[in-house]
């Protein structure tokens, strides 16, 4: 009711902008405190993220992962579930991709492997989400905990499998053999160069397009299908869901399966797109970052894409920053990320209320 | 002598909504002052302001002639004001005692305070016949007693002015009568009472003065003795309204739904529904009277498929439904059974949805609203617009969040949704709880219309007026079982009241118990 | 002029051990020549390769890369930049523009093993490994041989901290492992576990046992209870790379550094002088010469992935 | 056998101490209705502040104070976001964890230039173990002796404090005015508000206590259990504590038991590392590492069923009809 009077651009543009600016302001102070020049730093950061083709490529490459985990979190959220297990689901999703590639790259052509890898990522990721989902739906076990636990279990499982089974003998680093080229997802710069388009070489690969497709899919699924309707009902009012004859357990489980599957696609990007072998810890916290992405993106695909790009920019720009100014440890970027989450996530209302109030008063008067 | 409480030009705005506008009110000490108004008229808001729960934008309050500025409930309490909220403000898993002393513990360590509190509660219990087990856990108490706890809270803090917002909405006649005896007692002790209600009967019965609110403004003050229900009703809605439903006698025909020995055990294994058998015929309204919490909710949930039955069977639409062969809510709907739940906020609606989405809840799978893959938003919107017009839902805006409609209008959305499905059987619980008179009339007409079109209606309500006005047959439930059935014609408040208290057959009750124990 | 650069592994250049060793070499070179060395500490897999490419693109050469973790990344980048010279420490890459430096850790471990056996009163000594990989087992195996050589009756307790990179940076676990070994009778512990070692040395200090450091000279970390350190001169590897490159004598291919080449050794300074008796010194000297002369053959675990000698 | 058991339990006490502090911290905040997945961050922040201060001032106690200050500061940020500005509790928690993970390393880099570590702490800069009277004398006595002098004796003051905090918490939560209001606020803030008590004030107080306890947990890690700060040294203990909290259904004593269980499993895991069991051969390290989590899930699924938390938890308090 009250929102009605507030111009939309205020909510979707002005307020987020203010929040993010505030985050960067504080970050600047931190950089100042450690005796570096914030302006210069910001310069490097922005240049690194958007200043040149390769940089943009890296930004979007990071964003790809964050889109997947962001979507994963938001799908679960819509069903009132807090899936904090994106990390583990992504990890196991990668295992799925890796197994497909390792087993088929000698025998099968790319156009067979790629779809199978997608399926593999989805199935493995979903499978990892299934148990917590089942326990939540049928046994009422707290899903936040079970998913946290499953993150730890996933990482141990992966270590065991890679170290004891998938590692090449004599190889020191714990990762599998490198796949044959026909099991590599093409880099976008490779795809575009024939068309005379040069985007500088970066890990950005076909997975990015897939990520965008997933956004469309999720959007349609949640806001334009019966299942989405049931999911949102369950998420906002479980009692009403039972009244409406919705099989809540089933919806819960499916929500988590889809969530896990989406998270699993991180494996696509990392394993098949970039590293071309199965290795440890390739999820590097994307699962947790996804929580922030989803919340900043207001659980809406468009918002998630934007939030993902913002974070991608921080990852990439941060690497650039640390490279150019060695006294700034890359970790400061993590701190900056945190501040962004704080201001545009947790403290979103700080400006919101005042500003909206202002506009409402204006509208009413 | 000065007024116990006086309001001067109180205004309050919520965002775009002017909830209260230049309200002036004078309440003489030691009187019971009624405040009535349609849903959303601003009553709750005004009371919340007096109690310091909201702060007024303008205007001020005087207590006993002295100006007080009330910024928090603490200030209100200090000024001797207590309030029983429309929605109880109790910590459900706390004991009565803990709830009462909360905020007035008397000492950093509980041990000291608690003893004193016990004594004081005993005294109050004596004085106002408010007896209650102070160690009971609140959520295990019936609503009537929970309300008593609220009153005790206020008195324990030495309230001289007591505000009650729609106190009888959840009470049985007996409980309500008891409440009014209590209010009387309070009045005799010199306590001033502000009573908000939708029920003119109560206003006429118990108040000294009454003020009427409409759309945020005070539109009239009356001495109760110098006014009438009709007069007040007109003031409230601004048009003449009839308080009785006129309908021809029912033409009951074939049995559409019959239940045999329905029983249900809850998670603790307690038998909530006890061998209920009933028959529901086409073209009749079967009213179920009973103190709320005596199995009506369970009955509705079992019949509608929301909750599984434990024993017995239901025959409906050629199907036999048993504990072995259950049907869920969706399947029952497909068999053309519609259900208006007792609690619209908890069950009937998704308050976060826009009106047009909430308007298909339960029927979201129907082909009318779906394409092959995607839902058909246009179809949903068009239909919602029609219904809002037909049922006079205000504001008629399909895109408004359901939460932002008033209870009355929310109820219209729910009833419209279920009735418009043109079901064979309609289960309807508390159809007019907290709904204003204008809406009540409309809703009652629709129910009767459905009956006359040869459908069967099962009506659950704690409003005896409503039961008697609408029903053709009346079943009374007590403690999960059916304790009596009678024709609406032979029903009057007293007999029903006795049956609801299961007082009409005390002796044979006892015999049965001996039989069991033997 | 050469534009030297170094890329540390994800443990960072202050890991108190391996990377820090390289860092010391870098410092030494800069101090001596005044030439700044471009340093980069990647934070994830993607950044390793990204950083290497950046450096290569900007014409840095030679680029010293630290640790087997980087093998695959260096391999990729070295292929794409044939004119840039890379040195990888502890990894083996067969490319015309890559020098692979590996050490005979088993020899150094043998020495400190023998020393441990001499110092032990309970005739029980122990080993805490970091990540369970062939390289670390190579340390363990050498250590074991040294102990047995000195006292065939000795018992040797062995624990690996874990099987991921994290195992190199988990002092809490390190100290818990050490404590459990002490409770089983060990009174000298050798930690080849990077940062995890810190916890081990701490535990030894707290329980009044002896500990042996690894990679760089760690005797200073707990003066008085550090029996010695098995130094692995990664600093020299880095330092030499820069020197040779400057002099134009840098060559690709394998470089193996053992006792003879001064690539590994045991550390003696005034932090542990009080713990090493003259008699110990002479015995160790003897063993040392025997190894160098080849009279004692120390089995290399990685030659057959077993520790049968 | 008995010997090793004693040693296990001894280790258990050491390992579960930070869990106990953190879980109790979570208990205060969540009983007041504030979800706190920021435990992890508070522990880490305190661990750094404590180690840094301890190494600068050469006193573990000064370190402890700074650790607590840092942790309480973070708790207040959480409060400012969740209470004052009705922000999402989970996001705020994630934010704090992330900020701390980055800031600790950055600052220690800037101050100590040792790659996100603080200098190793020696002497008074660390909490040293306390030996009970006659511990050595008792050692020889069978059973009791072992228990007294190996298990009970010989821990640092913080360990004993952690265990002492459990009964204290029980008393505060169930027997005091503050406890009553705290629980009420977590169940139905409207009731508290209409009783004339400030919801925000209670919640802020709860968070301050939460901060203090996390501060103790962090200080323990860096100045008692270890001797100095290392980046990410909290290593998921915050999440573990959260698990223990829910595992113990938000009640002090069950929470303690949960912490001890997790601690014990951890101690087992460390000791079983690479041990070759006759007949079975070497148990894969990961199988042991994973045991605590698997068991937790199993228990969650099987025995403790629905974990029903405070009703109003995670919901920001706004004055509106409930």
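Chains here go by letter, A, B, C and D, matching the order in which they are written, and residues are numbered from 1 within each.
By definition in this document, a residue touches a chain if its C-beta (ideal position, glycine included) is under 8 Å from a C-beta of that chain, and two chains touch if they have at least 3 such contacts.
Chain by chain, the UniProt names read as follows: A, D = Nucleoside ABC transporter membrane protein; B = Nucleoside ABC transporter ATP-binding protein.
All of these numbers come straight from a predicted model, not from anything done at the bench.
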Pair joined by more contacting C-beta pairs (A-C or A-D): A-D
Going by average Cα coordinates, which chain is farthest removed from chain B? C
Whole-angstrom distance, CA centroid of chain C to CA centroid of chain D, is 35
Hey, how far is the Cα centre of chain B from the one of chain C, in Å? 77
If you average the Cα atoms of chain A and of chain D to get two centres, how far apart are those centres in Å? 29
So which stretches of chain C touch two or more other chains? 132, 162-163
Set of chain B residues in contact with two or more other chains: none
Where in chain D do residues touch two or more of the other chains? 116, 285-286, 289
Inter-chain touch pairs (all): A-B, A-C, A-D, B-D, C-D
Note which residues of chain D are touching chain A in the complex, please. 37, 77, 80-82, 85-88, 90-92, 94-103, 105-107, 109-110, 116, 231, 236, 239, 242-243, 246-247, 284-287, 289-290, 293-294, 296-297, 300-302, 305-307
The chain A residues in contact with chain B across the complex are 1-2, 4-5, 220, 224-226, 229-230, 232-233, 236-237, 239-240, 242-247, 360, 363-364
The chain D residues in contact with chain C across the complex are 7, 11, 14-15, 113-117, 120, 129, 221, 225-228, 230, 233, 235, 267, 270-271, 273-274, 285-286, 289
Residue positions on chain D within touch of chain B in the complex are 175-181, 183-184, 187-188, 190-198, 311, 319, 321-322
Can you tell me which positions in chain B touch chain A when the two form their complex? 13-17, 304-306, 328-333, 339, 341, 346-353, 357, 361-362, 364-365, 370, 373-375, 377, 400-401, 404
